[in-house]
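I've put the structures underneath this note.
Each of the two complexes below includes subunit A, the first together with subunit B, the second together with subunit C.
Right after this comes the complex of A and B.
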């Protein structure tokens, strides 16, 4: 058991080492693909175990909790690791055709795998300080990926990204310091018990807001999101796809974890703030997107608005709303990663991501147009695709507790999302290309066609599967939300086992 | 920066810093210190040398390139994680070997724990130097 929990972190590290030492050979990209495939297999095994046995925990190094570092997988963690592995595999295949020899030589695949290790670590850790360590691993790797290639706009984006993240780190560490001073523990399960016995609950609320700021920067919440649209449109497309899919979602995950497990003493106050922030995030994101005219910039602003939906579920804090958040997270990572990958292919064959310089894709590359329609409609919330169910659940949850205005904002933002998607569709796909060229997939080599389109088709298929068959996913999201709302299983799993679980 | 005093002094200072970094690495086993802080101190030694004599000479002194150093460190740390699999223990459980142990003394203890720390030392040293050298060369 303890190995099953550690392997999703160890495998990407191992892959990174292989990819690095093979970087002068053609084997490098295959190492990355195979490593991601193994990661997917292991994470599915972990997921099956969690479905079968409920929350599982393991103590690293055999040190009992709360003294050592605990890895925990409940429903939410397990599904996030699976989605991470799916994204990693898709992007690794895509990158094998996209990334230039030079970037591979500079260590693209190694950095990418270290990033995946950091993401998996953040999802699995049960220790607040360890979470900080994984954030830093992610930050270093993502900074490397962001500036790889060394264009001026990339360096500029990289600096902004790192500065904003350092601010977040300061808040995070200060909060951790306070929390440790007040309770003497940083194990999250132990914390959830310890904070209940604190006399000074108002100080705890202050600390809660610190964590909200720290994770809010990572998740790109209003008003801390501006680093995201500034950074995500500059690196290579596979990098921006993995950033768009996973990085901000780690912040969302951390918020969901902290504000269901630790900071639940003053829900009326903290979750009220989250509710306002969620609605403002949705609105500013979608309005920002409406004002853009670049394929990737529109998508970047939409990440921000979608983050708002997930936080809305957390802020409403009912079983249905949290289930909606979990569902939304899964749906969003697949769809958003895919849209970025598609923008990469579109750029390859039309020569630009600026909408006014694109066109003609519907006529000359109908396959790509079809593959774009699926995630784009899903993002906008058309039935019967995954995005429809995700939004439906959240809005239903809002109506159930009579939060009319929150439901109204969510609906309105959905409408504006359709506007942006239609804009991309009309300008990049419908209209003829301004320079009269006919962008066709045939201009790509056979290998590139397969390696670029296979991951896109796979992710689109997943979107359709979730959309047409939402019940099992919804059942799972409901049980994951149940585990979040009632952390007794989580606490039992972490503090109940002393020696590395059952091996 | 071209200063004779700095160049000569940095040669001695860098050596002292490196020795100190290894002292910190081993001290970390039971007292404050360890691979992370040791790696940072070691990196300052090379950075000082790079500032005084240029990155080209600092790279030559390091002999291996910093990326490889960091990745070897990562490999060493991972090895210590997988070593515990041989003994059917949880990942990262320390495995100990007491060389020349007798009734009264423990002899020389060798463990996977120190392998992990050496790995961390190399990762930090390599990663910091990679960043600093790259920035120095840009400027």
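Right after this comes the complex of A and C.
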């Protein structure tokens, strides 16, 4: 049992070590692909275990909670690990054709696998300080990936990204310190009990806001999102895709964990802030995207606006809304990562990501056009794709508790998302290419065609499957939301049967 | 002692924020290093300052004797220092690289990723 929880962290680390030593050979990319495949198998096994047995926990090093470091997987953690593994596999396959030998030699695959290890660790840990450590593992790997290659724009983007994330780290660390000073524990399950007994609840709210800022930077919430559109369009496309899919979502996950498990004493205050922030995030993101004219920059701004939806679910704080958030997280990672991968193929065959310099893809590369339409429509929320259900649940949850304006904002933002997607469609796919060339997939080698398009098709298939058959996914999201709202299972799994008396 | 440390942390944070408001990226980094050390001190202080004995367990015993100091905050701070050291080493190299490739240390003038001027 404890091995199953530790493996999603250990496998990427081992793969990273292999990839580092194989980086001079052609085997490196295959090590990365195989490692991600094994990770997917293990994460599915973990997911099945969580479905069967409920929340599972393991104490590392044999120290009983709350003294040792706990790894714990509830529904949300388990599904996030699965989706991380899916993204890792898709990007590893894609990268085998995209990443140059030079970047492989510089350690692309090793950094990528360390990033995945950090993401899995953040999803699985049950200890706040340990979460900080996984954030840093993830961060240092992402720094390396972002500037790998050393283009001017990458260095510039790196500065913004690094600075903003280091500031968030300081906030996180200070918050952890204060919380420890107040409660004497850092185990999240133990914290959820300990904070109820605090006399000074207002100080707890102050700490809660510090965590909100720290995780808000990572999740790219309004007004702390500006590092994201400044950075995500500069690295190689597979790096963009994995960042877009996973990094901000770790911030969202941390917010969802902290503000359902620990900081629930003053919901009227903290979740009210989150509600405003969520709506402003949605609006600014989508308006920013409307002003852009670069394929990847539009997509980057859309990450920001989509994060708003997930936080909206958390802020509404009803079972249906949280289920909507979980559903949205899964849908978003698949769709957004896929769109970035597609932009990479489009760049390869048209030679640019600037929309005015693209064109003609519909006529000469209809397969790519079709593969773009699926995630683009899903992002905008067209039925019967996964994005429709995700938005539908959230808006229904908002209407249920009579938050008319929040529902209105969500609908309006969905409308503007269609605007951006049709802009990309019209300029990059529909109109003829400005230089009269006919960009075709045939310009790629056979291997590149398979390695680039297979992950895209796979992810597109996933969003269609979720869209056509949402019921099991929704049932699961509802049960995961139930576990979040009633943390007694989580607490019991971590601390054992002797609840409350352990401190 | 708590009072003294609280004042020290406050002064460090104030100085750090002043440095971080500068447009010069190098000053920003120095501010960041200072504020992260202030955060470390805050953890240390939050873990209570007690004149306890070293938390050593005598041979053959399972638990330390009464009245030992809490070692956990120091372990946390140590971890944070090590991680911070790695991150700042990277950040400093990045700033140096930015200076050599972009030719400036002022954040206003760094516009390679987001060129100024009207969108096309």
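Here is the rule we use: the second predicted complex is superposed on the first by the 496 of 503 C-alpha atoms of A that agree within 3 Å, B and C clash if a C-alpha of one lies under 4 Å from a C-alpha of the other, contacts with A are read in each partner's own complex, and residues count from 1 in each chain.
FYI, a residue touches a chain if its C-beta (ideal position, glycine included) is under 8 Å from a C-beta of that chain, and two chains touch if they have at least 3 such contacts.
From a predicted model like this one, the values you see are computed outputs, not experimental measurements.
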{"item": "Partner chain in contact with A:99 - subunit B first, subunit C second, else both or neither", "value": "neither"}
{"item": "Which of subunit B and subunit C A:152 touches, first, second, both or neither", "value": "second"}
{"item": "Which of subunit B and subunit C A:86 touches, first, second, both or neither", "value": "neither"}
{"item": "Partner chain in contact with A:14 - subunit B first, subunit C second, else both or neither", "value": "first"}
{"item": "Comparison of subunit B and subunit C by subunit A residues contacted", "value": "C"}
{"item": "First, second, both or neither for A:173, with subunit B first and subunit C second", "value": "second"}
{"item": "Subunit B versus subunit C as contact partner of A:376, first or second or both or neither", "value": "neither"}
{"item": "Partner chain(s) touched by A:28 [first = subunit B, second = subunit C, both, neither]", "value": "neither"}
{"item": "Partner chain in contact with A:428 - subunit B first, subunit C second, else both or neither", "value": "neither"}
{"item": "First (subunit B), second (subunit C), both or neither touched by A:188", "value": "neither"}
{"item": "Subunit B/subunit C common contact set on subunit A", "value": "140"}
{"item": "Contacting residues of subunit A [partner subunit C, same complex]", "value": "129, 132-133, 136, 139-140, 143-144, 147, 150, 152-160, 162-163, 166-167, 169-170, 173-174, 176-178, 180-182, 230-231, 233-234, 291-293, 354, 356"}
{"item": "Interface residues, subunit B side, partner subunit A - complex", "value": "67-68, 71, 74-75, 78, 81-82, 85, 88-94, 127"}
{"item": "Interfacial residue positions of subunit A with respect to subunit B in the complex", "value": "2-3, 6, 10, 13-14, 16-17, 20-21, 58-62, 107, 110, 140, 499-501, 503"}
{"item": "Complex contact set, residues of subunit C against subunit A", "value": "20, 25, 28-29, 32, 35-36, 39-40, 42-43, 45-48, 72-73, 76, 79-80, 83, 86-88, 90-91, 94-95, 97-98, 101-102, 107, 110-114, 119-120"}
